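What follows is a pair of complexes built around chain A, which joins chain B in one and chain C in the other.
Here is the complex of A and B:
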């Protein structure tokens, strides 16, 4: 109970601080108003939560393959659903940010936009596969294996690929950490950014917990109806 | 009015709505879980 209140006031405080503190962006770095920077406080945590969700799905998929417990299949599926949802939200906020600072909603020479597009496509494949197999055991086995492979691909697409092809990215490589691993943000920005990161992670776990419980309830209901 | 302030208010309203939705959903799910246990 108390943690819900913390999430409520924490996220509200992040929103208020994100819009009322000074934007740290230099006018030379942006085609539009520097105020667009404020979306950064939400865009990066959303992308982080998406990768966290794919990682959680991978962990539950491995546990499913070890134990064959259908509960883990539900948990892996729910994590993937939420991961895709947060990835879509991160793509939309990123696209708005791109329009404000770079002048275009979408640009195929921007490596992060290409990589998130591939990521959304492969997870589309995951859901297509799940709905194509009718036998629950086969479906759970197949999607567990695919989930593990896709989570590795997702983490590669989000964290590794944009750094290898840094030349094809307009994303600043030092927006959070510089090359020696030190935080580059000023004190105010740092506090807001990391609070936002924590609040988004907490919000994710709450939504995740709720979705798993709803999925469990509807599965029980199906079983009762069959009896 | 400062445009930043307007965007902040709109974002806060969306967040409050989302929070209330999640909060009521949590209560409903808890009630259903108790019902299916008994």
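Here is the complex of A and C:
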């Protein structure tokens, strides 16, 4: 109950502040219209939540294989369901920003765009597999195994591949932290950005918690109906 | 136990031999893979018959042919076992890792047979030949090892699903993408004529990918196989 209210006011405050204060554009990145850079407040937290969801689902997949507790399967599935939503939103906002500043909606040699596209393909494969298996036990096992394989392949794509394929990143590497690990943003930008990050994370966990509870209740209901 | 390790290898080879014998009786997988590769090759060489594609594009097309041909036939290794009901006996008679490596070896032999048939046709139809045969063969061989290593467990997963059609390709593509990028890079170097220094980075990636994927799959295989 309290979470709902906190997230409502927090999110609203972040959205209003993101459009009312100065744009986060710096002298270093002087491409495109100044206002386009406001997408930074939303795009980065969305991408962060998508990666977080992917990580959570992988952790629960491993725990499922260790314990065979169906609760963990539900959690992994829920994290993936929410993760695909945030990944789509992050892709769309990123694509719009790319058009405004770099001139193209999509660029296959930009590493972040390639990796988020692969992330979407991975989610697609995960859900395709889940819909193709009808027995809940088998489904849980198979999707946990494929999650782990996907995660290892994703590590290759994100960390190893860019070194040989000549992929480059147009994303500024110092937009949040500089090389010595210090925060590079100005005070206002910093406050709005980190509030946005916290709010998006809170939003994710709030919806995640609700969905897990709904899934648990419907599983219980199914058990009672069977009796 | 030294006796165990000897019999582990011979048991693995026995699984492979069993698959080869049953493949010679039905010839299903070989027919599917070779015909698929032939059709793809014909379509490509018809489509670009009058154009003169660059060597970079041809090296990518070569792997597109191999990838889709592999997708058409490799899933059969486990689907056939499940459909004919022999999977249960195989499960009783030996450990999961033996089945995994036996099937992987069979898939690898299938792919090597395929490339022995396809490479000459590719060279004849598309009027290109590798400047350096050692790099070309090494790249193809390492690529095929990775291809069979990563897809064997996916084939086992797909064989448990009720809808098998496109699922194998959907699940395999995100996993195989790092391999394809590295293999295309090596083939490109072998076509355009480069030195060993040019392929060291993709070759390292390929070796690391092969080792990690085969290890990971053999660790996870029992979760899929003993359901």
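Keep this in mind: the second predicted complex is superposed on the first by the 194 of 227 C-alpha atoms of A that agree within 3 Å, B and C clash if a C-alpha of one lies under 4 Å from a C-alpha of the other, contacts with A are read in each partner's own complex, and residues count from 1 in each chain.
We adopt the following convention: a residue touches a chain if its C-beta (ideal position, glycine included) is under 8 Å from a C-beta of that chain, and two chains touch if they have at least 3 such contacts.
Computed from a prediction, not measured in an experiment: that's the story for all the values here.
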item	value
Partner chain in contact with A:157 - chain B first, chain C second, else both or neither	second
Which superposed partner A:103 touches (first chain B, second chain C, both, neither)	neither
Larger contact residue set on chain A - chain B or chain C	C
First (chain B), second (chain C), both or neither touched by A:136	neither
Which superposed partner A:65 touches (first chain B, second chain C, both, neither)	second
Partner chain(s) touched by A:149 [first = chain B, second = chain C, both, neither]	second
Chain B versus chain C as contact partner of A:206, first or second or both or neither	first
Contacts of A:124 with chain B and chain C, given as first, second, both or neither	second
Contacts on chain A seen with chain B and repeated with chain C across the two complexes	none
Residues of chain A defined as touching chain B within the complex	4, 7-8, 11-12, 15-16, 18-20, 35, 38, 206-207, 210, 213-214, 217, 220-221
For the chain B and chain A complex, residues of the former touching the latter	3-5, 7-8, 11-12, 15-16, 19, 22-23, 25-26, 29, 32-33, 36
Chain C-touching residues of chain A, taken from the complex the two chains share	65, 118, 121-122, 124-125, 128-129, 131-134, 137-138, 141-142, 144-146, 148-150, 152-154, 156-157, 160-161, 163-165
Touch list for chain C against partner chain A, complex	150, 153-154, 157, 160-164, 167, 170-171, 173-178, 181-182, 185, 201-202, 205, 208-209, 212-213, 216-217, 220, 223-224, 227
